[in-house]
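Every chain is named by a letter (A, B, C and D) in the order it is written, and numbering of its residues begins at 1.
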Amino acid sequence: MELDDILASLFPAGHEVRVAHGRIAGHGVLRDGRRIHVVGLADGIALGVEDAASLAAQVLAIARQTDAAPILMPIDSSSQRMSRRDELLGLNEYLAHLAKSLLLAEQAGHRTIGLLYGGSAAGAFIATALATGTLVALPGAHPEVMDLPSMARVTKLSLDVLREKAKATPVFAPGLDNLARTGAVHATWDPAQPLTAQLEALLAEPAGDDARDLLGQQRQGRPKAAAIAARVVHEATRGG
Amino acid sequence: MKAWATQKATRAARIEAGSRYARGKAVAAADLPRFLDAVLRPGDRVCLEGDNQKQADLLATALADVDPAKIHDLHMVQSGVVLPAHLDIFEKGIARRLDYSYSGPQAARIARMLFSGQIELGAVHTYLELFARYFVDLTPNVALIAAVSADVAGNLYTGPNTEDTPTIVEATSFKGGLVIAQVKEIVDQVPRVDIPGDQVHFVVEAGKPFYVEPLFTRDPAAITETQILTAMLAIKGLYAPYGVRRLNHGIGFNTAAIELLLPTYGETLGLKGKVCTHWALNPHPTLIPAIEAGWVEQIHCFGSEVGMEDYIAARSDIFFTGLDGSLRSNRAFCQTAGLYACDMFIGSTLQIDLAGHSSTVTASRMAGFGGAPNMGSDPRGRRHSSEPWLKAGAEADPDTHPHLRRGRKLVVQIGETFGDQNVPLFVERLEALTLAEKLDLDLAPVMIYGDDVTHIVTEEGIANLLLCRDRDEREQAIRGIAGYTDIGRGRDRKMVERLRERGVIRRPEDLGIDPLDADRRLLAARSIKDLMLASGGLYRPPSRFRNW
Amino acid sequence: MSVISALRNETTSWYEASARQRIDALVDRGSLTEFVGPAARETSPHLAIFGLPTQLDDGIVVGEAALDGRAVLVAAQEGRFMGGAFGEVHGAKLVGLLRAARATRRDVLICFDTGGVRLQEANAGELAIAEIIRALVLARLAGVQVVGLIGGRAGCYGGGGLIAACCSTLIVTEQGRISVTGPEVIETNKGVEEFDSKDRAFVWRTMGGKHRYLIGGADRLVADSAAAFRAAAIGALSSPTVLDAGTLDAEQARLERRLARFGTAEDATEIWSALGIDPVDDLPALDESSFLARAGGKRESADGAR
Amino acid sequence: MERLTFTLAAAKQAGGLRQQAIIGVVASGNLEVMLERSAPSGTCTFEIETAAHGFGAVWEAVLNDFVARRAAGGLRITINDGGARPDTVALRLAQGVRLIEGDEA
């Protein structure tokens, strides 16, 4: 789905969302009049230091508001921007700051919902969509932690061999389905139905603790993570 | 009437032809192709200066760009086949025949070109042997050499990397040949005169320094515990009992470990001042801690080492330096020193067979020899006496009257039983033999002959081949320290035990060495940064070795 | 043998040490209790698909220990196993540790040594990093200190760099590199003109510990020794920082100021000069004390705005 | 990956008090060795996973020398190998025995 159609379907009552330089900003209104902040990335942008700082500033401004209005984060990006300048300036801090800002806003009562409608990869994915409290996706989204050609180069395996291996496990190959099976994606929305209803239904669910590892276990994409994390917590807390 | 000065006449003609593109002796870099066309003749014997360290890179590229229709069938006589251009010359048909010494970085390509007949091989030499032939039957008609700077008279300053230059110029210039030098810049006055201007006919200003490979830098961070164990064995089992004061080291990590153990482990053995005082050696950065701790009295160098310039200049009591303060190296003299004035060579290799022959050649790679076979051989002829030389001679030949007995130079191979990729050091048959058959060579490219080798050190112990009395003993002594290689597992256990009782084989425990003491914390420096700090900031490592 | 021991350089080099050696030298002697240790044999279920060997602890040690008498949780990545990269089990152990930190209000020390996500289990690793960041930030919001220690061979790359920047305090050596995209990856994607990964001096002055310390990307710069890390970690825990809205507002201002001050710099040396440090050319070669003396009062500091 | 197991007679009982020791890392040319005091006395068991195929005979030779030279009775030894050379294997095994001989930490 295109961003305009998505926004129209999400906010039939209207929205004030602008896209500039690949950054999405504004707000929309649900059918019951509830205000939804919208902050995100568009046009497959590579997330650099300026973008991250700009997004974080918006998120922090929302966090200061006491309206408890949710933040919707539509994402269509590539990876972080790969450049000498970005790394020289400490891109890791900018991306981490964005992730922290999202978590702070959530802590301050603003639910954060990622909406993956295009691509995303690597550090950009971690700092945005994966830092939200709930991540949903639309069909056609194409997240890619690591592209297969790069993997082929590093692992010295051919693309064909990698594609064959990808059939046996969702754990490394790109794509929405693979990622969903590891528990990263809470649900994939149905574009044929009004998105506004699907968002309202999601907001009606209580926001719980991070349960992505349990989801990955159920969906058999991450067989061990939930149990290992739980066992560490158990061993660390049994003393006192 | 017979003409007796044709060579000088030819040189005069070359100078006249070349002068069309020169202002005095100076040739512009842009004019090099036309200039080389003018001074070279088909069939010339050409020395394109290059060895395992410095390279006349600008002249190499220019020579590869001359027109093969005009200039062809050159006979290259040079130390190093190192740059891609050195082989492009053959691919393009500019050169046909090759006599050389070292081809480390081009080992695979030169092997392919030898197989396909693109190169007509004269011989693969040791450095000293090739230098010797410059004065007998391989005298260059034209030498293309490299220096740091020149003045208008052609006086050359080579800086610390003098290396082969004086030898090449001596042979060329005094036998009617033409000498062309590339320099970074032409100056009013050179800092010191390494080559007198009357021996140099043309100078090309390159605008940049000639290329130098930092071949002798070993990062202490890459030294393994097993290499430290072999180094401990060598120090306690060889350096100490023979009292080796004058020596040469190879460039491997085992010998780097020895250098870094001198101020620590060597100190505990009370060896300071008793071993390792005088060296024929390149300025190894790993020797800095031992120098700083007062172990070393003096070092003569084949060449320099990138980053060591300021350190050397600040330690002129140790190194040979010129009026300008910087190192004066000389490969021919240092090779001679290693051959005749040292009591020990110790170095690593790729393959050792049951007779002790060793080679760095594999079936698809032809790395050449460089200087190791000169260092790693017993010169046999008359020699002055020294304690290690006499002791080794007595071990090898106890029955001859001491005053008539030849001593022996210690020639030591050191390594781990398995090398990179689990490739065994010990083999039934050297791949050098396979290569010799493929190329129909008279001689297999053996680096060091078994009868020159006196000791082999591995993590399993030391085999003293001087004490072996026949071929069987020699084979079992080698098998006895070959560990878990096929060669090692094929040993005659009883015979190996008997050899051990006689001291032919000495295990770590026989020398009072616990392998678990072989710990990186024994190294006087554990990183390149440590070396830099040990030098008081005088050593400036090249970027590729830095992690700061 | 005793003579040999006496001559050893007993400084434990952090750069050289294994994960286990680092923890042993960091915390009070013998105080570590490991969670889900190697005897549990909880290895990666995914590496076999690629014919790769597993490690019994999947490349990370997590546990509880005492630091100068204070009960802490600790983690250390093994940079030599799979480049210290985050796989499913590896990541889950750190997730669990940080969740426990929040529950038990114990401070955490994380010894990073990682190239980022483990390719062979990329989705699991990526998600684990997201879970770690969430657990880490929630623990900090609950008042827990999380101290990151960086000085290993693998540096702290990819998602590791993001996790590090979420910590309360970062302690680095000059060898320690912190970055998102690694040098080889930038070079492969953008060309050698953009980033020459073979020019190590350039790599370190762009991503290394000294540069990060100078721009406020790290808080304490120490010599390459476990003892120095220990002292700095004790110091960090005794001067706690908070994470709240004010912290992030301050960080926002700090990061925007960095863009304004240094955004046009082509090279790290221009940034150092702009900081007023003079001279800058030999900064990389200086030992820690000379470096700190020259940088003193001139560097950008995070001052708790992290 | 190749999996190898060996059960060897080990006359000398492992000393010390530690229940478990681990040394080394799984990297190219390196290996990890975990020693647990859980084999019957007088024997030493080995479970090896190695990236280098076809070296069973070399492993056996290294392990036989190890149990002959070191006090390894009663030890269950688990090895994950990244293609280490035999000298490295022998060194790690010896280091492991020294470690488990230490006092209970």
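Couple of notes before you dig in:
Here is the rule we go by: a residue touches a chain if its C-beta (ideal position, glycine included) is under 8 Å from a C-beta of that chain, and two chains touch if they have at least 3 such contacts.
Being a predicted model, the structure only gives us computed values, none of them experimental.
Under the contact definition, subunit B and subunit C share the contacting chains D.
Chain centres defined as mean CA positions place C nearest to the mean of all protein CA atoms.
Distance from the subunit C centre to the subunit D centre is 32 Å, each centre being the mean of its Cα atoms. Averaging C-alpha coordinates per chain places the centre of subunit A 59 Å away from that of subunit B.
Once the centre of each chain is set as its mean CA position, subunit B and subunit D turn out to be 41 Å apart. One simple way to say how far apart two chains are is to compare their mean CA positions; for subunit A and subunit D this gives 46 Å. Counting only residues that touch two or more partner chains, subunit B has none.
Counting partner chains per residue, subunit D shows two or more touched chains at no residue at all.
If you check each pair of chains against the touch rule, the ones that pass are A-C, B-C, B-D, C-D. Put simply, subunit C touches subunit D in their complex at residues 18-20, 30, 32, 38-39, 41, 48, 51-56, 78, 80-81. In the complex of the two chains, the subunit A residues touching subunit C come out as 49-50, 53, 56-57, 60, 63-64, 79-80, 82-84, 86-97, 99-101, 103-104, 107-108, 122-123, 125-127, 130-131, 145-146, 150-151, 153-155, 157, 165, 168-173, 178-179, 182-184, 210, 212-213, 216, 221-226, 228-233, 235-237, 239-240. If you check the complex, the residues on subunit B that touch subunit C are 221, 264-265, 267-268, 514, 517, 519-524, 526-527, 532-533, 537, 540, 543-548.
Partner subunit D is touched in their complex by these residues of subunit B: 224-226, 416-418, 422, 459, 483-484, 489, 515-516, 518.
By the touch criterion given at the top, residues 52, 55, 57-58, 61-62, 83, 85-88, 91, 94-95, 98 of subunit D touch subunit B in their complex.
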